[in-house]
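Several structures are given next for inspection.
In what comes next, subunit A is part of two complexes: it sits with subunit B in the first one and with subunit C in the second one.
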Partner chain A sequence: MLAIKLAFKNILGAGFRTILNISVLSFAFVVIIFYNGVLEGWNQQARRDTIEWEIGQGQLWHPDYDPLDFFSYQDAHAPLPEAVQAEVAAGQLTPILLTQASAFPQGRMQGVILKGIDPKQPILKIPTALLADQDGQTPALIGKRMAHAIKAKEGDQLLVRWRDKNGTFDALEVTISGIFDSNVPTIDAGQIWLPLERLQQMLSMPGEATYLVAREGFVPANAAPWVFKGQDFLLADLDTIIQSKKGASGIMYGLLLIIALLAIFDTQVLSIFRRQKEIGTYIALGMTRWQVVGIFTVEGATYSILAILLGALYGTPLLWYLAKVGWAMPSASQDMGISIAEKIYPVFGFGLILGTILLVVLSATVVSFLPARKIAKINPTDALKGKIQ
Partner chain B sequence: MESIIQIDQLTKRFPVGAGEFTALKDIRLEFQKGEFTGFVGPSGSGKTTLLNIIGSLDTPTEGEVTVLGQSIAHLTHKQSAKLRNQHLGFIFQTYNLFPVYTVYENVEFALLLQHMPAAERHKAVLDALEWVGLTDKIKSRPDQLSGGEGQRVAIARAMVKRPAIMLADEPTANLDSKNSHHILQTMVRLNQELKTTFLFATHDEKVMGYLRRIISLEDGRVVKDEALAPQGQAGA
Partner chain C sequence: MKNITILIFSTLFLFAFKAPPDANEILKKVEENMSSDNRVFESEMIIHGRRGSRTITAKTYSVGDKQSFTEYLSPAREAGTKMLKLENQLWIYSPSTDRTIQISGHLLRQSVMGSDLSYEDMMDDRKLTDVYSAKIVGEEVLDERKTYVLELTAKVEDVAYYRRKMWIDTERYVPLKEELYAKSGQLLKRTTLSNVQKIEGRWFPLTVVFKDMLKQGDGTEFRMTKVQFNQDIPEYLFTKAALKQ
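Right after this comes the complex of A and B.
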């Protein structure tokens, strides 16, 4: 208690240096919360979007299906397993069939994936209702990235060519019946969505699917050899990318924090050197050396308390505002292959704030303690004479 | 009479470069409760070193120093801190007040260390400031005080816990004649009223005029130990 009171008086008496230390540390404090808040907001948005647009509550995969291996697509199809027929009928699972194909926008040839989905599916956010029958034409749905890549707009015709089950080439003009706007590139770039039955017919694979997407409440039952992939598995790539982003931004604000801590360390070293007589006097008045170490350590820790208070003062309105209006992501980050919105709404959780407070207080305490530790070894008579180097 | 400090064959050597420097050599002294005594001698004669050892801020190289029944050489850091906190008061040439504290808080400090209850503490601080005549400067900070006032605050800070022994190292060296006499008179009064033992290290003639026992040091040895009676009997 005495130490805290003394610490406040001492560092408030130290003027400019105090202001500098506290400002830099409070800036580091706010930046750490900001960065992590943006990443958390991104993480939450990306998970939510990926679940809503792509993976649902999990997917039941054909045993040969490997989304990263295009050559697997050729064999990764089969009639729906018996065990899940009822769930499909009840709308708990929706089948998706896919194949590699070529499209010919403006006479160029481009590799695409054709994906067949039930126009009435209630699970994914993809506006599949736009795939409903359109008198004889074949409706196709694409995302905004794909539309941009092939310079297509609604109503355009697009020639696609594919091989059916027997390896025979066939071709057809599809009509772009809708362009959807999703933050999830993996259901958009290079993909053309068609009505499931139409695609099954084109491929001569009636009743077949590559994977099924589950709706909330789906309980994975044994449908061997099909395998159920849960959200954790399907979101693992996303988690990895977010983690690596966390690491990268950690280095950045870590540097900022280190600068702030160095300033405190330096202040401590100087202050211990300049205040030798005071240290000697504390000991003469009956403090033990370790109590004096405590005074100086608390003093350094007090910087962090003041920095947090200052950070809260300007950080709260600032971060609150950002959480409300969102943070525009640089357009370069749009092509990362995982979901990222144009604007991210940072999420500043209680745990993040508390954790950052602890980090700042603990690290400031440690860098204050390191130089102060020296006091425990000093000779009080030398300190009183100001003779410590 | 009550003997409160015993020094037997005290020698203090400091390491200097590769060798050693003998700052005190074979000191034998005894002090009674209520003494008003000074160590005098030229600069470098060992006065401060002796005072520091009695104050348990330093330890003997050889010999035995016993203060209030405690052997200085054998105290742990904690024990010596407690001895200083409860029974010893220090006054320095440069006052050594805490610059960020008010006069009141400077004086209060030692009592906070003792965990004295607030009401009792408040009264003790006011009493101490009254002894030195500074009750009107309670809220001032050290840099707002004159030199004489600063040293009086230091006396109040040392006396507030009513220590058995006051150790004053050149307390008048930074003061003019008027202020020197003022604080010496204050200390004489406290010595008489509270029976506090005062030990000075000084080479100031003005201080010597108040002492009732003068111990002369030269090159770390006691060369003279004379009792005087300018203001009544020693140890009265």
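Right after this comes the complex of A and C.
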């Protein structure tokens, strides 16, 4: 208790030096919480959007299907096994068939993926109802990124060329029946969604699919050779990206924290040098050396408490405001191929705040203790005379 | 007397209106004219793109339709690149990486050096009469040459183009134009052949313009600058080892 009283008295007596120390440390404290809050907000939003728009509760893949290998698409299709057909009929799975093709917007050739999906599917958020029959025309649904890339708008005709299962070329003009706005680029960029039955007919693959998306509550049964991929597997890439982002941002706010801690370390070194007589007096009055070390360590750690209080003072309204209005992402980030919303709403969890408080207090305590260890070796008479170099 | 009159008129009729040959016969004549035991030719491929044109020169050795070896001579970026086709396999050697790559599967559908030709277009070596049913649909005059217009419809499933239309010179049995159609009837590619010359006793078109009809641009022009038939081509040329030499 005496140590805490003395620490507060000394810190407040240090004046401008204290203000500088706690200001820098509080800034580091707020930045750490803000950065991690943004990453957590992005993580939650990206996971939610990816589940709602792309992967559902998991996917059942044709054994040859590899979404990262376009060349696998040629062979990754087959009629659905009977057990799977029953799940489709029960609305637990929705089949998707895909193939490589070329689109010719304004006479330019562009590689695209044609994806067939049931217009009545209830699992994914893609507005597939827009793929309903349209007076003999072939309706097509594209995302905003694809629409931007091919300069297409609703109602436009787009010439598409593909090969059927025998490798025979076919071509057709499709009508853009809708443009959807999704944060998930993997269902948008370079893709054209068509009614499933129409695509099956175009490719001469009646009743076939490449993969199926599962609804909530779907229990994967044995559908060999088809393979079920759960959310953990399908979101693994996203998790890796977030982890690497956390690592990269850790370096930045780590540097900021080091600067603040360096200021505390310097203050401690200076205090021990300038307050030799005070140290000598404490020992002469009967305190052990380690008790004096404790006083100086608590003094340094108190900087972190004050920094947290100051950070809470201006950080709370600032971060609350950001969590409410969101943090706008640059438009270029939409084309990076990963799920990023136009605005990220940071999420500041209890664990994040508590963890950051502990990090700041512990690191400040450690850097206060390191120079204070010197006191343990001090000769009290030399200290009283102020002879320590 | 009446019978004799009918016979005379019938004979006159047959001489006056000579029935056109059968479509398959025409195709056979074209194949006989265009194919040879082997040939060696030097060529220029002029690729007309949106940002201008570029010319690639090459020397090709081929035996029948099954084997061919091409070495690109210019520009500097492509010089030394070699391509070997053996039956239905295709390899490309790139001097910059000193690697030989086999082109297969979907890679065959890629464009050859940015041209309107795909590798697959070069690979299809089946005889037209084997994969298409042909019929004569008319006669037209094309570049002041009288032509038979042939329509070819696929009779097998694994064919790239479901329907073709060919304009064949009625005297020289050389195709002067060809159009390739999708199953839906959409025109996909047009090939125009010109500069037909008699070389070693056969008529042969030295300039071919390939045009992808779905893309903008003026297509790809393929000019043979020197053609020799039935040459003595060393066997080793049609081996993978020859690519690195």
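Rule of thumb we're sticking to: the second predicted complex is superposed on the first by the 388 of 389 C-alpha atoms of A that agree within 3 Å, B and C clash if a C-alpha of one lies under 4 Å from a C-alpha of the other, contacts with A are read in each partner's own complex, and residues count from 1 in each chain.
As a working rule, a contact is a pair of C-beta atoms (placed from the backbone, for glycine too) under 8 Å apart; a residue touches a chain by one contact, two chains touch by 3 or more.
Everything numeric here is computed off the predicted structure, so don't read it as measured data.
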Since both structures carry subunit A, what do subunit B and subunit C do when superposed there: clash or fit? fit
Once chain A of both complexes is superposed, is A:166 in touch with subunit B (first), subunit C (second), both, or neither? second
Could you tell me if A:219 is touching subunit B, subunit C, both of them or neither one (first, second, both, neither)? neither
Considering only touches as defined above, state whether A:68 meets subunit B (first), subunit C (second), both or neither. neither
Would you sort A:289 into first (subunit B), second (subunit C), both or neither based on which partner it touches? first
Quick one: classify A:2 as touching subunit B (first), subunit C (second), both or neither. first
On the A-aligned overlay, A:104 touches which partner chain: subunit B = first, subunit C = second, or both, or neither? second
In degrees, rounded to a multiple of 10, the angle subunit B-subunit A-subunit C between CA centres equals 150
Minimum distance between Cα atoms of subunit B and subunit C in the superposition (Å): 72
In the complex with subunit A, residue positions of subunit B that touch it: 48-49, 52, 55, 57-58, 77-78, 81-82, 84-86, 90, 92, 94, 96, 98-101, 109-110, 112-114, 157
Residues of subunit C touching subunit A in the complex: 105-107, 109, 154, 157-162, 180, 182-184, 186, 188, 212, 214-217
Going by the contact rule at the top, pick out the subunit A residues touching subunit C in the complex. 70-71, 74, 100, 102, 104, 106-109, 159, 161, 163-164, 166-172
Footprint of subunit B on subunit A - complex, ascending: 2, 6, 9-10, 12-13, 277-278, 280-281, 283-291, 379-381, 384
